[in-house]
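In order of appearance the chains are A, B, C and D, and numbering begins at 1 in each one.
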Amino acid sequence: MTILLNRENRVVVQGITGRQGSFHTKLMLEYGTKVLAGVTPGKGGIYVEGLPVYDTVAEAKDLHNVDTSIIFVPAIAAYDAVMESINEGIKLIVVITEGIPPNDTMKFVCSAKEKGSIIIGPNCPGIISPGEAKVGIMPGFVYKKGPIGIVSRSGTLTYEIAWELTKAGIGQSTVIGIGGDPIVGLTFTDALRLFEKDDETEAIVLIGEIGGDAEERVAQIIGKEIKKKIVAYVAGRTAPEGKRMGHAGAIISAGSGTAMSKIKAFKDVGVEVAERPMDIPELVKKVMKK
Amino acid sequence: MKLFEYEAKEIMKSHGLPIPQGFIAKSVDEAVSIAEKIGLPVMLKAQVLVGGRGKAGGIKSASTLDEVASISKYLFSLKIKDENVESILIEKKLNIMKELFIAITIDRSERLPVMLASSMGGMDIEEIAKMHPELIVKLHIDPRIGILPFQARKVAQKIGLKERQIITFSDIAVKLYKIYEELDAELVESNPLAITNTGDLIIADARLNIIDDALFRHKEFQELALKRMPESTELERLAKSKGVRLVDLGGEIGVIGNGAGLTMATIDMLTYYGEKAACFLDIGGGASAEEFAKALTPLIEYPRVKAILINILGGITRCDEVARGIKKVYEELKFTKPLTVRLSGTNEEEGQRILKEIGINAFTSLDDAVKNVIKQVRGI
Amino acid sequence: MTILLNRENRVVVQGITGRQGSFHTKLMLEYGTKVLAGVTPGKGGIYVEGLPVYDTVAEAKDLHNVDTSIIFVPAIAAYDAVMESINEGIKLIVVITEGIPPNDTMKFVCSAKEKGSIIIGPNCPGIISPGEAKVGIMPGFVYKKGPIGIVSRSGTLTYEIAWELTKAGIGQSTVIGIGGDPIVGLTFTDALRLFEKDDETEAIVLIGEIGGDAEERVAQIIGKEIKKKIVAYVAGRTAPEGKRMGHAGAIISAGSGTAMSKIKAFKDVGVEVAERPMDIPELVKKVMKK
Amino acid sequence: MKLFEYEAKEIMKSHGLPIPQGFIAKSVDEAVSIAEKIGLPVMLKAQVLVGGRGKAGGIKSASTLDEVASISKYLFSLKIKDENVESILIEKKLNIMKELFIAITIDRSERLPVMLASSMGGMDIEEIAKMHPELIVKLHIDPRIGILPFQARKVAQKIGLKERQIITFSDIAVKLYKIYEELDAELVESNPLAITNTGDLIIADARLNIIDDALFRHKEFQELALKRMPESTELERLAKSKGVRLVDLGGEIGVIGNGAGLTMATIDMLTYYGEKAACFLDIGGGASAEEFAKALTPLIEYPRVKAILINILGGITRCDEVARGIKKVYEELKFTKPLTVRLSGTNEEEGQRILKEIGINAFTSLDDAVKNVIKQVRGI
């Protein structure tokens, strides 16, 4: 088993005619993902990468029974696109778009909760279940099937760590980038609960970063609800206060959201925290032996 | 983007919120004539974007026009946390009986807008939040519905208000939320929200920060935002002049990475080995050779940067594109600063080959690259 | 049994310090209704008709465990007042206020549906279960306890008809004025479903009027879901098109919403339709014999 | 309250909606100079609030300035359903390929706002709704969230739009909804919403009605609304001048009742016995003697009203108050019109006693009262 995504997911790409949308549609198809259709309002009728493009998600749902959506539309149109997927009953919605105003994100996160859709992102690399499918923009070659679940606020840093694991012979069940925005749909807590229930996942790597308190909050359920072993890494130990470190969410304000606070929270509940990304494979081996 | 107090108050006034009578002065003469117009005593408030203005002596009261002149002269000469005082807000002095606190902001954990209120206004609210969290009342808001007056009335009661002040407070809260929502604010705050001797509530101090990611739908702020980008250091200004966004970290090793997390991790690695990065520069995903060349330029030009570390994990970004960008700058600028490159992932071999042409042996391991740049900067 | 209201309902009056609010609080208390508290923002601490006045419904709920609210606040504050009751978990909300903009009503009707509150009104006389309690502005003396349920879009016309019944010796189980606005909470359909399940109610009098299609819609379930006998009256047979007859909802537009259309809909499903209000007692006796 | 087409279009234009270039003319000279300014050919559209303007000849096109002059002269002389034409909207004539219909209004049954759209625009939409309901697409809207563009795109598809017109249509729908919501409209409509020869969508005709009950929060319309109250008949105007709202029903028996339903039922009783009411006048609940006196005055003064029927079921309204009001008018105006009073309920006996003082025997049964007034008016 994997979590949220396997080879059965039927995917529609919202914003398929854009540069990013079409490029990653190609890569997702190459990876073996069941991408069945695309949506770009006003462009219905054309084809991209051999896939039919529609004006609405409703058509993609009616004609291809899609259950998963990946969103590449610009920030200005993202609220509408996500609400469209939620309202058409899409169950898994991956929002790649960066720069969505938090007020929009909070609204669609509320609506998704009510309608039972899961949102990954925004401003995220997506989700991959190696060997099964990828719905995202991550390079497929860094992953390999295996027993480690990864959940991360970062993009490339996750590729780096996944690749370190892969090179060390340790594969992954599912890898999720939850996104670098202050407000995201799926949280660390949600992801850990899913991994906990997943038979295939034996241990979890959690990659946090400065800003907010998502790491501190998830630490509260580790060792209680979450019995599986966890190795954590937190980026931004040397970030200064009040400066946005790339991600909209990666900012230390008024002394809260520091890497030290997060590392302490993890250590307090017995999580192994890596000093460097390359230390993670060893720590994973260590916790898996226990 | 942060607004000045007087800008925030102008917006609040246009939304029908109670604001002290006041005007902005750009010179001592203006300050005096404003004070004459609105009548003494007055408050003189240095307009800066940084916090801690009160402690830094940026807020004074004056009872005579001579005092207005001397104090405003003093304020114009002030530097508050490196920020020059270019304007002073002159306001009629209020007769304050009690100070409250109210703010609307985003609660990241709950993923909802939140209203914060306290009966302990006028103080450092973060301090109170730490020492006496029970004195701060929180109200989470459904972003699709907004604050309803009855919710604000419950908050008003909890911070000890009674009778008509409950209604005034809730009216203020509803209007502040309207500003929060309409302008996509990150923070709308009044601290203190003053209760005057007549029992009225008035916004004595005001803060309003707009979310940068939402500026695309607020044309009225876009120009202002361009001017007001944080650019506190020389390196940041230099980079900005070349269209590059970076965060100055004060060290000597310039760091460029692709992806925020990876770049932060790279910087953390330097720290791990006892060195300090000069900057955080996230080139983002899928950068072209041109973008790469552009990003490199300020680091090459800026003297404090003694060595440069480029860390690229090629996923969507192609290593050969990166290598071409480096080569381009190398050939055009003929720079001599030590450069360490870590290239790994998509088109790694081709990238390595291109770099070899200009004499650079790229690393595939991040650890090795970090160790190498440290050697370079230490001159070993 | 009665529907929605009996002597156990614990009532709070929103807008109790106003002229209407205090006057009807007195009358409701005299009728025997368990009115326990009042709410007027900014007036907390005073007493009206011996009842404590609070600034918020939350206090009335905490201190008196109220489950029913009657709202007299002006139209401009009505949305807030209704939303307050909905959010504090008040189960039955009677909105007397006239002149609430339909956009406000539609919003609180949506929210009430989600939170499980029942709204009667707006612009209505309220609800009475004779001999038990009244939450409304109707004159108590025209009613008497008995087997007839009445549901009506009108105020005084309902008193008239109830009184005719009372004078003819026919009492009422519960009498509901659903309100004269285009948009109301509880509908004819809702009321009939409740009466159908109520053991005490043997027959139902339904008083409609011109405007909208509430009568036509309820006719669709009569004889199917609703097995109890019904006598109907429809006011406004001679009303001209395009003129608002007092109630905001009583207007024939573009030929729809006529009394004839409603009378036909009732007759088509076998409902006895009275020509004059005073004919109702006879018709009720007739249908109860069947 | 109904707005004129040109007023609706001004509001729509300010919301960024596509509107034909046009100006309002109050005279023939103005019409000609506007036509000269915007260029021929033009459309001349009589501005009236009643429907059926097209059929009544209120919309004409003109290709020469002479035509503009003669047609505008003709339009200013026109009376459309009793309404004078006081202004003409002169617009650049569009090159229309197809006509759509779009409206946002309230669906009373579903208790939700609804958007209606059809590919059969330019026709009587109520006719289409009856004959071909399948040609009208409905979209119900959550009033707390509003129309989302994707919902409007689905509607656009259903009425046969393709490609960029889907987006233009949804943009128009979203903006019209914004007007609907912000102004508390009862109806926002464009019929036709035209597709021009260049494939653009443009609001060729526009309607915008504001909900009277919401005017309290739209100060900008309050003054206008006072002027624009329906006052189509002499009796209604007379009543309005005395601060009384009534509906003229054309008959000879003036009817005053307390409560809308009861008053309607009283009028229906007259019809039942073959007579016609002069008016519908709902005095409302809890009316005072003064209010009652005021309501009676126009009926006493207006000659067509031959007899008056007052039907009061005293619940909250007290019968003695009503009786005092009647007595007051009786003594002040010494009117001689036959008056029938039905008084029943709260303080019935006291009311009856007061009326006896002025020689009126009040009925307690409505049926008896109705029969009596009919006798009076028939002079039996």
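As a convention for this text, a residue touches a chain if its C-beta (ideal position, glycine included) is under 8 Å from a C-beta of that chain, and two chains touch if they have at least 3 such contacts.
Because the structure is a prediction, the values reported are computed rather than measured.
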Interface with more contacting C-beta pairs, comparing B-C to A-B: A-B
Whole-Å gap between the CA centroids of subunit A and subunit D: 55
Centroid spacing, where centroids are CA-atom means, of subunit A and subunit C in whole angstrom: 52
Mean-CA-position distance for subunit B and subunit A (Å): 27
Overlap residues in subunit B, where contacts from two or more other chains coincide: 144-145
Multi-chain contact residues (two or more partners), subunit A: 111
Graph class of chain-chain contacts, one of line, ring, star, complete, other: other
Parts of subunit D lying in touch with subunit A, wherever the complex brings them together: 145, 148-151, 153-154, 157, 162-164, 166-167, 170
Subunit D-facing residues of subunit C, complex: 75-76, 99-103, 105-107, 109-111, 137-139, 141-142, 152-160, 163, 180, 182-184, 207, 209-210, 212-214, 217, 233, 235-240, 243-250, 254-255, 259, 275-278
Subunit D residues touching subunit C - in the complex, by the definition given at the top: 106, 108-109, 111-113, 126, 142-144, 181, 184, 186, 211-214, 216-217, 230, 247, 249, 257-265, 267-272, 276-277, 280, 282, 285, 313-316, 344-346, 365-367
Touching residues on subunit B, where the partner in the complex is subunit D: 144-145
Footprint of subunit D on subunit A - complex, ascending: 41-45, 55-58, 77, 80-81, 83-84, 87, 111
